[in-house]
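A, B and C label the chains in the order they appear, each numbered from 1.
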Amino acid sequence: MMTMRQIRFHGRGGQGAVSAAALLSLAAFEDGFEAQAFPKFGSERRGAPVESYVRISDRPIRSHTQVYAPDAVVVLDATLLRSEPVLRGLTDGGLAIVNAEGEPEMATGEVAPRWLAVTADRISIEHLNRPLPNTVLLAALAGASGWVGLPALETVVRRHFGRKGERVVGANIEILREGYRLGAAGGST
Amino acid sequence: MDRRDPFRLNALTSGHRACSGCGQAMAARMVGDLIGPDAIFVNATGCLQVFTTHNAQSAWQVPWLHSVFANAAAVASGVEAARRGLPGSERVVVQAGDGGTFDIGLQCLSGMIERGHDALFVCYDNEAYMNTGVQRSGSTPHAARTTTSPPGRLSEGKRHLKKDMLAIVAAHHMPYAATASVAFFPDLKAKVEKAMRLRGPRFLHVFSPCPLGWDHDAAASVQVARLAVETGLFPLVELEYGAVTGVMRLAQRRPVEDYLRLQGRFKHLFKDAHGAAELRHLQALADANIRRYGLLDATTAWDTGEAGRAQRGGRGGYAPAHGAAS
Amino acid sequence: MRRQLEGSRAVAEAVRLCRPRVIAAYPITPQTHIVEHLSQMVADGELAAECINTESEFAAASVALGAVAAGARAYTASAAQGLLLMTEVLFNIAGLRLPVVMTCANRAVGAPINIFNDHQDSLSLRDAGWIQLYVESNQEAVDSMIQAYRIAEACELPVMVCMDGFFLTHTFEPVELPEQAQVDAWLPPLRFSRALDPVAPATLGGGSEPDNYLEYRRAQHQALDHAADEIVSTAAAFQSTFGRTHGALIDGYRLDDAERVLITLGSVMGAVRDTVDALRERGERVGALKLRCVRPFPAAGLVHALRGARRVAVLEKAISAGAGGIIAAELRAAMHAAGIALPVDGFVGGLGGRDLTPASIEAVFAASAAAGPAPIGCQFVDVDAADEAARPGE
């Protein structure tokens, strides 16, 4: 079905870009794919720009280099569009999902082949009283790309938040479903 | 293993290469025999390691491990952790000189105590780096001559004070910390036995003269050690969880000069007015110890006079063979 | 069982399967997750070990030393400054011939301080008397950890398993974890013949003099030499039981008929394999070789594996400042000793976490297509162009 899909997450320390990448790789693994996720860590503290990478493939993944030609980028904070080259290397037809209320706009004027704006902060605040955009955007990516399924995402989110109790798990599942629906609706063009 | 002597274990047996009159050799032999055979000994680098092991020879008749200079307490932590929960009753003993305790080994010692390892740390204090040829350490007393704190036109020997090691150790919520001296064997014996009855980290600080480094007659080591106690310069005390619980009362108070005059390392203090000033400082340090621990008026089972006579009067109460000390 | 795990977690699971009785460590990025996971396993009762949280790496290595000397299997892990703080003890462990096993989560050495990956830390300790294995993937990290204890205990030599910080320690990827019963059968409990024991009191770590020190060191060198056989047989035994191999001393990739070969170590090998495939599709006769074991240095194996090569490039993430690449120099010496005139281009790159991209790997292959003798010393990969302009002629 697929060869190699590469995804790059851009966020700020504390927003969950690293966790989102890990969860995506776990969901892909759950769906029977080979998957790899890793952060471009730094001595970053909260608020500093961070990147993380995911590879999904139906064959073993050997390379451990960073992702230079992503098939999708996920931007957890729209202010990064002003300062970070978040679209660099994006493949032809590549998808850019941004946590934003309106039309995303790069400071450089660049445009992605496919833009998808998702009000991830708002959805997260509605369900969790906190802006934690990562799960919403993760689900939106799944909905828009079809690379991983919603059931697999729900499984890994249940496992990941299991220690925090049923209420947190439930809220995150709600978030996943809403994100997935938005992704499937907006990303199918 | 030579255990023919029914009266003592000979944990540290004869034939080692210590200098004549070595206080550390005396102290280690006493401590090793009192602890008995059911123990694993970890040694820091230093004189004791050098003079007891040589090529394939060893004077130790107990299991003995030496790694490097600074890490004896950490190695012992590993030995103790490895033994935890296993059958067998052996205990862990660390041996180090003042360098391996006060200075380079202090961090590992602090870690061992803080983590609560069940080990006795014994510091044989000869107040300088003797193994490398008498350089000053954090334990060298004020005004003493060493090769790196030489007296000279601008110097009266070591400028700084000896660290209060016992207080540093006691500040670690320490179950047991005590000082002892080769000159007061019954007291040392009681302290080793008490330490071995307890569990958790324990610390024993044994005053161990070095005839070479202190420049005194090799036959005078015990006399010098006794005077260090009787002048108040090296009080014999016990602390439990930081509180003083035992003090050896001074039967009589001796001036510090009686102690200092026997040793070449203080000779320069007797030459001129500068030296005389340093002598007053040293007397003041002894006086402060006497006040701090109540060395003249403590209520104790025995005093320095009685303890000294007990030792000279008999065989000194060595442990029977095979370590009935526990 | 096949699981999707972070590298540090995978290694911690492998350590758990080896049942160490004492674990001692001091936290340092990027090693921290490994010991955090192990601490949690001990806290949850999944691993019956003593976790000793020491006050320094120097003490952590010392605790491991003491534990093994007392007969317990022990584990420690560190990186960079922490590994160098252990240096004195690491030499000592090797001299005492204690089978300690540790993970080095490879990281650059300061100054300037840098938490990211290269191999300067462990390669600087190549003379310490430890067996050093460098792994390419988290699966190899897991499998090498289990092999490491068997090798260490068979040879009475310490083993350092070196895995790239972040590139492996912080990467989620699938790993197959063996069953406990399988590992128990393959790795019996430690029986250390020289363990400290009051019943048979022995002296460990006594003094030595000019009249026998040389013989001790020669014996240690010979033991490392002989360890090569043990590493090979252990890898074979592992493969027959667990069905996986990552090579033993070296691991060649498409070496048959390869005229140009790139030699490297660690996680970059995966991208090198991809590059070899891409260049092969373009008709270039290239191959690659992973140096899995740096100590003992597999000189004979390298000479044999490279017998058909016309030119070799060594790509390494460490430098002997003032001399050049470390592995390149050792390879040149091995080839020279074997009487083979093989040009060896030394490349140093990926220092301090600089990603070695597919483009940089291709550039190394392209540079090694040159004719004539290879330059002495090393060439730097992906040096910042502005910096190059400011310091010409290097």
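The rule we apply is simple: contacts are C-beta pairs under 8 Å (C-beta built on N, C-alpha and C of every residue); 3 or more make two chains touch, one makes a residue touch a chain.
Owing to the predicted nature of the structure, the values given are computational and were not obtained by experimental measurement.
Chain pair with the highest count of contacting C-beta pairs: B-C. Most remote from chain B, judged by the distance between CA-atom centroids, is A. For the pair chain A and chain B, the distance between C-alpha centroids works out to 65 Å. Chain A and chain C have Cα centroids lying 34 Å from one another. Look at where the CA atoms of chain B average out and do the same for chain C: the two points lie 44 Å apart. Counting partner chains per residue, chain C shows two or more touched chains at no residue at all.
Chain C meets chain B in the complex at residues 21-22, 24, 50, 52-56, 58-60, 62-72, 74, 88-89, 92, 96, 196-198, 201-209, 211-212. Those residues of chain A whose C-beta lies close enough to touch chain C in the complex are 21-22, 25-26, 29-30, 34-39, 41-43, 61-66, 68. Taken in their complex, chain C has these residues touching chain A: 4, 6, 30, 115, 137, 164, 166-168, 170-174, 267-268, 270-271, 273-274, 355-358. Contacts from chain B toward chain C in the complex involve residues 1, 37-40, 42-43, 49-50, 52-58, 60-68, 70-71, 74-84, 88, 90, 107-108, 110-111, 114-115.
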